[in-house]
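Shared between the two complexes below is chain A, which has chain B as its partner in the first and chain C in the second.
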Partner chain A sequence: MNPTTAQRVHPLAKYAALGAIAARQTLVDRAVLLGRAVFIGLFLLIFSQLWKTVLSMGQRGEHSVADLVWYLLITETVLIATPYLHLDIEKDIRNGDVANHLPRPVSYLWSQVSQGIGQLVVRFPAVALCGALMAWGLTGELPSNPAGLLYALPLTFLACCAVLISNITIGLLAVWIVDINPLVFVWQKLSFILGGLIFPMDIYPDWLRAVSEWTPFYAYLYGVGRLAYTPDPMVALGSAGMLLFWCAVFVWIALWVYRKALRVMTISGG
Partner chain B sequence: MNTFVPSLKYLGALFVTNLKATLALRVAFWLQAGLMVVNNLVFFTIWPIFFNRYDSVNGWKLGHMAVLYGVSCTAFGVWVVVAGGVRDMAQLISDGDLDTYLTLPKNPLVRTVASRMQGSGWGDLITGIGLLSFSGVIGAWEVPLVILCVACASLIYTSTGIIAQSVAFWAGPIGSLARQFTEFLISFSVYPGSMFSGVVKVILFTIVPAGFISHLPLELIANKRWEMGAALVGATTVYCLLAIWVFSAGLRRYESGNRFGVQA
Partner chain C sequence: MKKNNDNAVSVTNLTKTFIVREREPGFLGAVKGLFSAKTREVRALEGISLDIKQGERVAFVGPNGAGKSTTIKILTGILHPTAGEANVLGFVPWKDRTKLGYHIGTVFGQRSQLWYHLPAGDTFDLLSKVYELDPEVYRKRRAELVEAFDIGDLLGRAVRQLSLGQRMRCELVASLLHRPHMLFLDEPTIGLDVTAKAIIRDLVRDTSLRDGSTVLLTSHDTGDMERVCDRVIVINHGRLLLDKPVGELRRGYIRRKMVTLATVEEKIDLTLPGVEVIESKPYRTVVEVDVTVTPVEAVMQAAMKASRLHDITVEDPPMEEIIKTIYAEAREKEPALAP
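The block that comes next holds the complex of A and B.
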């Protein structure tokens, strides 16, 4: 490619190409895809058994087993389908490979985002489809108001994008804290609790639900998951608004952290 | 038996060395251990929330969950603190990096599994012991049973980890899959055993032995079902022997990476 042709390439085309390569690599890496599909199946199996046991004992509950399993499918898909890019970024920073990326005519941050979306485009349908088949197989039915699933589908993808950007930001923190694993664990577990990953927030005490509403976890897990049994367009619109807000916040934080990280890497030589 | 005692002494020496190496990065160590405690406690919080709304899961209540989680957590902590090298075995095998362990005049399995200590494992130990202490189920008489259960459960964790990672001798780079298998094992071991039945229950006492790691110990500790103790010790022996056999069989197929390296 001569310089004249290179100049004609749209800046976004570079990132689109990176995303396409990442999508193809994800398709080739079938073992990881299979592992993720099995993982979501396993969780659905465990919790379908839990809810069947609890609700069969005549204990009170607002939702049916099917509603709760489909809720879990949505919340688990958000976390399982999203690529763990923070681990790759941490590795790049720890072994110094990030220095090879910096001179390239693409931003390291946006190249990670585009690769993440490329992976997500393959993983999301694979995980969601396998999970949906499993949920249907385990409960034998769709949720009581299946129309909500139509709203949930695009919003779950948007939620995955929000988690992706937060993961990338956590990965960049390796410039300062080196080992990000403990931070990742805490972030994940906060998702469990404040996002209602496993149990819908309807069963939470009021005070805890009120606290979680101020966190991103509520938006990208419960906010989307509740659509499994709440097919209300206004609820879906509210969830979309919350997600877009948190996406914007995460992008802003990621850019800020990236600028700071670049300064540190430049000073210490990458 | 003539190699057992020296291997145990060697394991002790490796443990002390790994501990010194881990404590050398004091801030990182406390950060990892402390965050792991937070991580575990946050995860356990779902159960008080759940039991605040629902009475029980087939008779299992919050105290039972604390024992279940406590045994699993403590055993996992013992595993990654004493034998943290297991989790990197598949990578070593597929990269041909076992050479440095094979040339040493010690048992290569012991040397490999005890080559690393994960600082975060101390956080698991602290959480596990804390949950067991505050479960309201453990009294002075139960302490020996808890020690037995934790010892057996950590050996089962280690053995299944070795078996899963050793598949790399035949299948190549399966490190992430082997780790995922461990995640499955942990996942099943921290939920009430009473809710599983049929084929799932069979799997939990064979391929993914979560039943031996936490469900069966709970029956022994909380309900004093002594036959469970015998079953636990028997199963631990079987899994340990199986791990040794699989690793030895795999080692015969091992091909060197022909790389130069120094193992201090």
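The block that comes next holds the complex of A and C.
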């Protein structure tokens, strides 16, 4: 605590303030917000056509086109609404901007988390709302059992938080690997395949689904996406449990990586 | 603060060595690098010692790679030294970085702490929370700084819409909100035009005098050190070359003076040892005088004998020249350290 000031401000208020200013900047930076909303719209347009074609060719599965499009809306929202903080952190480390942050009485890691959540608070409703309007416009209907969407809404936000923390951890790895792009590429592809970004995991081969269940990708994509057509409270509870577990794991890894990264930066200058 | 003596900064035998990985050039070199890590030691600081009194304004000058930034990073707690001791405002920076953070302000000229798409006032509000300022204390301090830095009409504009000079005034206010006892300024006037530089220099000096805050300024612009600081520390190759008051530096290192003669006659003939004509135009002659060979008074007397004079001006060489002289002397003493 600063001894020159009255002790009336709670230390946690600084992180809330960081989140609030990040939310304000996200609101002002309309181009990025609009870009993400347009992207999810385009994505849903393309894949809704694809699913319509596949299902009209007699490839009937257990899901309707509407189920699959609403599933896509959830999984894509997780990836599109989450801020790409790994890129900002990599830039901070590469050009030395991190030196601007470290002398302040605030943790760089938690300030990034706060700012990420602040951005997410604005992006999540914008992307989800645009996506939902598009999904409804394209299919003309809600999923076969829309009650699942009520469970999906908070869990999709939680999934975004899990992805956010993993992004921050990847960004911090720039202290060692300098260019994180190859790592991001591999991580994203694993997300797409093992998370079931485009195809629900229940149409995957059993062995691949079994492997996927042990990964965080399953929890933050398929785990919440399936709620679009599975309005079962127990399934939602299972998804929430998996997400909380992976959030805890990601936070633990982020703290460990941050401590190591800080040590490298303070010893070798980054 | 823990410390009771007059020093804001005390540094003893501060040493910093970086281990740098070396890679051979070409594809083969890249492949080799995967299996064997060749490293090299780079000594950024070689046992520097210095004290800075509270309220002093000190310029830390040196060429690129001299060790200025490394020293500042150690003193702000961003870097750990390899050896030596440092104490800033009673704190060991690398052990008490967070506590020290409440008492220091930093401005890195090439890096902004302001939120780009938002008005600077939003960043000020954020920093008041970061530094846990009492809302009433903050309101008063902000009003005081807004007036002193004349940024009242800038507060409603997004930072991206400000000129570099306006932005730098806002950066300084952001760094001063929590009334830091010590201000670290790294190239605060870089990229600014002459007028904006003058404004920033005066503001830094006035604020330091008003608040009694200590300033440690690094800059390549000798104007910053002349206008803001009372003392200059010159560093090169991680060693202190010189530590003197600014005025003494001028007096001790001025070997040459520029004398401009406005004459009634079209030309003037001045042939004296140590005097070199730099510019010769009708009715105006500029000579450079080596004062160790011929004193300026002798040149003036000779000029008055040779021609009738309308005007005569004597100027010191720019501070840049003085610094170059210091480096050259260091090079002569220790050729191995030549930049």
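The rule we apply is simple: the second predicted complex is superposed on the first by the 262 of 270 C-alpha atoms of A that agree within 3 Å, B and C clash if a C-alpha of one lies under 4 Å from a C-alpha of the other, contacts with A are read in each partner's own complex, and residues count from 1 in each chain.
One rule holds for everything that comes next: contacts are C-beta pairs under 8 Å (C-beta built on N, C-alpha and C of every residue); 3 or more make two chains touch, one makes a residue touch a chain.
It should be emphasised that the depicted structure is a prediction, and the values quoted were computed from it without experimental measurement.
When the two complexes are overlaid on their common chain A, residue A:102 makes contact with chain C while staying clear of chain B. In the superposition on chain A, A:185 contacts chain B only, with no contact to chain C. Looking at the shared chain after the overlay, A:17 reaches chain C, while chain B stays out of its contact range. The contact surfaces that chain B and chain C form on chain A in the two complexes do not overlap at any residue. Within the complex formed with chain C, the chain A residues making contact are 1-9, 11, 13-14, 16-18, 21, 24-25, 28-29, 96-97, 99-100, 102-106, 265-269. Listed in rising order, the residues of chain A touching chain B in the complex are 31-32, 35, 38-39, 42-43, 45-46, 49-50, 52-54, 57, 59-61, 177-179, 181-183, 185-186, 188-190, 192-193, 198-199, 203-205, 208.
Put simply, chain B touches chain A in their complex at residues 28, 31-32, 34-36, 38-39, 42-43, 45-46, 49-50, 52-58, 120, 174, 176-177, 180, 183-184, 187-188, 191-192, 194-197, 200. Contact residues of chain C toward chain A in the complex are 1, 18-19, 70, 73, 76-80, 94, 97-104, 106, 108, 111-113, 115-118, 122-123, 125-126, 129-135, 137, 158, 178-179, 184.
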